[in-house]
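What follows are several structures.
Shared chain: chain A. Partners: chain B in the first complex, chain C in the second.
So, the complex of A and B:
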């Protein structure tokens, strides 16, 4: 292997692959190096044995950018799933787009208010969504920089086009909290709870925390639905890997990066953990800022950048429980088709807020918030025979509880999650053939995401847009000439959006053509 | 016999903002009446003698935010206003130590080093950032908040001023400003400091008066709201009004009287009288009616429109916006007459920092847990409090040798939960005593014999504050200081210019921009708007720089 690559991409997660595909399609010679044996990062389908496959960490698509799908010509087979707001009294509700009905059939009394709220949020989310596929507005040269005045004007125009009433409402709620926004329209209960849970999934915040409207809108950027990829979430990263290799990019596995080589403040390539040196004129890192900085060496960054990188907040709050079941669980009150939906355990917004309290002090929620899905019901190819896999995203779980994770602590958390689910799925414990718990610490270990954080860096307003992941480093270029951030810590942020990678790639291409 | 009379302008509520508006309207030549439901003026800026020989600033208790432009323009010192700065403050730990804040920079660096050597330089960085943000925000306080949805030249002008100020910051500081305005005080302090005690000492200003915790985004701004004032030019300094906070209201009242204004106390409003979408006057509870083409409400936006304006007189969307306006009670107040200066065994004798603000909360986690309690309808099991003994500096507050202590308590809910029911009615005498007891228990960290020093005390729950002062839910800022209720969103989007859907009716209290605190800025800004619309804009002195 000789010669100089135009770009080395560190990490074959969906963002690294999307960056590589974008660069390769533009004619660059690209190499993706991945520490693990396969592509995927947080978006993998894994084999749990016993003839059952399922998602490892991420399990659904909420806001995959259509621009990325189109530009990279991805062919994805997905099924849209309704959201099932589970209710302790058995009166579960089905939320599908703007429609809200009882699972048992029949008008839901909150249907009209929910529809109006949903439509309003979708309009706001669509406006915000426009910001995702380009770099955030620049602050360089203050507000009046010529380069960005066009962008700002377009933004302003977009706002104006909403109409005065919507624009006012948007500016009122955008930095506000989901709890108030939801409860101003709906009584507290499973519908409000499901919305509140969506607002805070993956973040270190409760629905009462200002900024949770933004994270709700972020998730709703493509219409607010959830989609299940056939073949599991790994099908998305596989498609991105195919797009990259078809365009000529190389992928190398078992290739952890030991360091990014820098000479004269310019990137020269990377050295792998096995000592292999790879020359490249640019390096795109899908890691978070601090690990990226460490790879290049703090000596190449100014003190302020180092300090800021150290202070980027990424306190993971999500655990994952993957369960292999003998057969599909019975959920009284739901049809088989509804059981295949996105199941939300969040009986009220107050419940979600209370669940957040303990994690602030390093403890696990007594009553966790859960988003569960049984993908094998929609996609039978995942399992043999009657077997099913249940994938549960669980909040709030600290990265490291006081005293560290012990076997007893893990067992207690597992039991708590199963008990919480079993309240709605009475026969669940007897159906379990196998289970795997991933704490935030495990997720950090598997993926390198700091704190095991779903989004690599907290999605709070002070770490978003023009200051994501840190002030002065928001437009992908990362300190050293030729080094770029292309992962979830970069704008627009986390979830399987596919946006940060191509945005970073385009930044590199622009600089090369300038 | 009911009375009836006609004025050029009527102001409902003689709080410091209503009085300020009154001063400017009267000085502009309008025949102005202020009506006040209590038998005294001042709203939440009052000095009350509730125990022989002692004077309590029984609501607001310290002064810094009062705009010096207004103090000077209205010549308030001539009417007896004297603000005496105090220096320093301290947080006492449970194990006999303390962190003292001192205004002498070298002494402060030594004190920080005693707790955490690495925090010494961090403090300078912290102080610079906060000061920079203070300098950035101060010019906006006496201006209207621009409406970004409006193409009106005045709004565009204000927007241009904002852009110019922001542009002047440069890219790096603009980024820092965005972060500062949106982050939590806990995260901001965690970015700077290592010592829990120092963080806890500084964090209090981020939560005072709010329904937010130290880790709620937006609380760094609340800290700014408490730092952006000055005592005659010394930015960030706080002081005591000699004679208590009522001295401010009394000085404003005298300035108003000198300008020809009339005040009627014991005159609670029944309703604002509206005809064909236009204000025509007010009706009092006692049946008196007064006519005026201009009426201003110093009450909060909820009390004004949900209690005293006929529902049919306001459009649905405005009514909805007022209904959802967040004005959450989160603070209590205890005013104490002490038989002598209490001993602080941890502190050196006569330590100057004892004349400042004293606290007993020692970590951010403890403060955050206090917030969790409040969310669930309880007062904090370990409450944060801001206690001061102004009689050390101002001998008029207590008999010689004896002292007055003011204790601001965070958090106490308005709708206390008892047996699963949340209601203000749960604030019984027993609950009130239990709250005070909880505060004294914690206070023993600083003053072990506090219970023995108490000659008299007045415990004021959010419900008490609502009942006496009229602040809905006892919220001290007349509305939460969150972004959805700041600047052009305050109090209602589209009505940040002190106007209302009713022609001739104005909002002049802290529900309006720039918000709460004894600042007088909403009152002065509103007066400018009222006079401009009345064609008398030139009569308003230019206060903004």
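So, the complex of A and C:
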């Protein structure tokens, strides 16, 4: 223990690290404390043994903020992956940017409609995307400051600049459901299914749920598509960790926080689980609101805040199956290059919606929606020899099914996922050398994310923008002076965007310079 | 009687049969769902009994909540604006609590029955709020509203009356409370600004307690009273009432109807240094920015009660209104509590006028009457605080 830190960041996930890097670059003395042994949180590359490494939870980048990459001078090697909409009849399609073709080559009949829809969605998403790298507009005190008015004015201006037709269309669809939006333009099938799956990945909603257009646009905020970091998703958090340490931040592992110390309504530091006291003038928590609140103690918050924190909705619906394979699976109808793409099992939007139904009643989807990727095909450094890793993001799986998780339940889910994939990869079962299933409950246990939810707090309209994660706490400051939320629960939200962390850090810097 | 029938309308309180027998005016009003007397005989008789004899008023419709457990002190300290740690067991504190914006939710009396045992008495329904406020603390919260009855015995001869009833409380100081007999707690509290006690017992024991006091009251001028007389006394004492001087913010449907303790004149009751309490951050902000309103005691010319009248500066600019106004029979003044918009009432206190309409035998006339702001309660009498009380 040596002196007082300017800031302690709780959690070395991508947001905690991005916050730490931002603060350290501004000259602050920063310490990141992480309960686990390594950086990463939900964005980690792990060693599965048998000479295979792969992503543990998150596996792709959809919307990493270019501003964050630029500001923190991250050197990231990423490969853009095409999206492969798998079709039960074998007529798989390749979606790459606005282009849509059959995997076997040849014009896709929906190509023109898809291109138009994609282009429109990207335009809308870009408008939303500009909101991500700053705090949400403030409505407190009726736009009291010039800055608030400026923010709202720019927002309005951006909306106006879209042109009348686009503006109307944007306002018409923004709160509506992805299912209707997509099926207005495309027949239901694998293309519509892939878009619908993108709209609801990580959230507690089906594509017919209101707000699913927003989550689709959120994911397309940087132009849509997906990128694979070389070295696995952990390369991103490693780069962020380097950015933080290069700028002077310290990282401490195996350092779970037992409590945030508060005196006279001001943060004084943290006490670690081993009893170590660390003095700091600010604490940024990348945890969700409720666990963050628990660390400081309910007594330091208003009653309304504790009530809202308790009511923040975060029901995880995503399970993760990581498989080590003897060799690359064969997917009839796909070339080797296409097999390395982002494989989507969502034969139709209706399929995705049907998959959502059981989870409402605590059951696993009979026919799950899967986003699979075999990162080792793009990045051979992950595996020795012929080995490959297959990473599958699986929806919908309840946090805890009725009766709780049992070995039989886990085995049944694993089998169901493998069977679903095997419909497209006939030889898959024989190739499996090892597999690891992470249910939402496991993900919660590993990362502390409430409900094992990807975004720490549901990305629904009542928990977005000026009310993310909750009313009155939308601009990172979290009640006690010097305490901030810097994780996925804060604006703009989840996915590996890198945005909430630096936004929170800037809020702290702003307050310190004021 | 079919016990499954849900009563429609107001229901009788625990001593209603006694009140019914005494009621000549048949003037009833609703209070938290109970039939409560507005006037039993005449408001004047009843008022003068408060100031010259002793009166009995059923306060059982008040909401009562029991908060117990190791976290009770900390929980209440986070909820109310004053420092609960400074209220010793056996003492009662007047408390206010606010929402996150510093707006008063309600006020009431907090009885500290033990180290980890409190009873909160208040006007508004507060159970769900208390449950929210209790989250994160090791406490148990019980709604005792329908289990605990209360009788308010107020007036200069109340101590003597209690002695005659076999309850000698000569050593009891204002805001003391104690268990005097099994099932009977007495506190030296009240809403009249006079000598008085409140007696708390089980719902079913209220009738017997009433009879016991009634029997002892013969020589002490005991009179049962209704709300109208009590209201005159409480305005004389300068006490605020929920729904009158402030709108309990959870019940207010319109924006900006809430008022802060500072605006209600209780700034000095806020214990800023006790740690966080609900609304503290917002209230600190108001300290910096200044209050929007101030609640003041005013003396109005003439004798017509000015309840609800608008107040003007220089007879032109509307700056507030009278929240409660009565003719004060004891001080012989036309008194009121009034809310003024800042800066009136604080830095600008002159040239203020009350607008009244008077009916002179069928002819209405508008009058602008001067008002002057008072800094002390209208009725102050040392007998209210003397310990032991005098045997009047």
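To be clear about the criterion, the second predicted complex is superposed on the first by the 509 of 514 C-alpha atoms of A that agree within 3 Å, B and C clash if a C-alpha of one lies under 4 Å from a C-alpha of the other, contacts with A are read in each partner's own complex, and residues count from 1 in each chain.
The definition used in the following text is that a contact is a pair of C-beta atoms (placed from the backbone, for glycine too) under 8 Å apart; a residue touches a chain by one contact, two chains touch by 3 or more.
Note that the coordinates shown come from a computational prediction; the quantities given were computed from them, not determined experimentally.
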- So, A:252: does it touch chain B (first), chain C (second), both, or neither? neither
- Message: Applying the document's definition of touch, where does A:311 land relative to chain B and chain C: first, second, both, or neither?
- Response: first
- Message: For A:210 in the superposed arrangement: first (chain B), second (chain C), both or neither?
- Response: first
- Query: Once the shared chain is lined up, is A:173 touching chain B (first), chain C (second), both, or neither of them?
  - Reply: first
- Quick one: name whichever of chain B and chain C touches more residues of chain A. B
- Go through the superposed model and pick first if A:472 touches only chain B, second if only chain C, both, or neither. both
- Does the superposition put A:361 against chain B (first), chain C (second), both, or neither? first
- Item | Common ground on chain A, meaning residues reached by chain C in one complex and by chain B in the other | 472
- Query: Can you list the residues on chain A that touch chain B in the complex?
  - Reply: 138-144, 159-160, 164-165, 167-169, 171-173, 175-177, 180, 184, 205, 208-211, 311, 313, 353-354, 357, 360-361, 460-462, 466-467, 471-472, 474
- Message: List the residues on chain A that touch chain C in their complex, please.
- Response: 264-265, 297-307, 310, 472, 479-480
- Residue ranges of chain C in contact with chain A within the complex: 74-75, 78-79, 99-100, 129, 132-133, 135-137, 273, 275-276, 278-281
- Message: Looking at the complex, which residues from chain B come into contact with chain A?
- Response: 148-149, 163, 166-172, 174-176, 178-180, 182-183, 187, 190-191, 212, 215-218, 317, 324, 326, 365, 368-369, 372, 375-376, 482-484, 488-489, 493-494
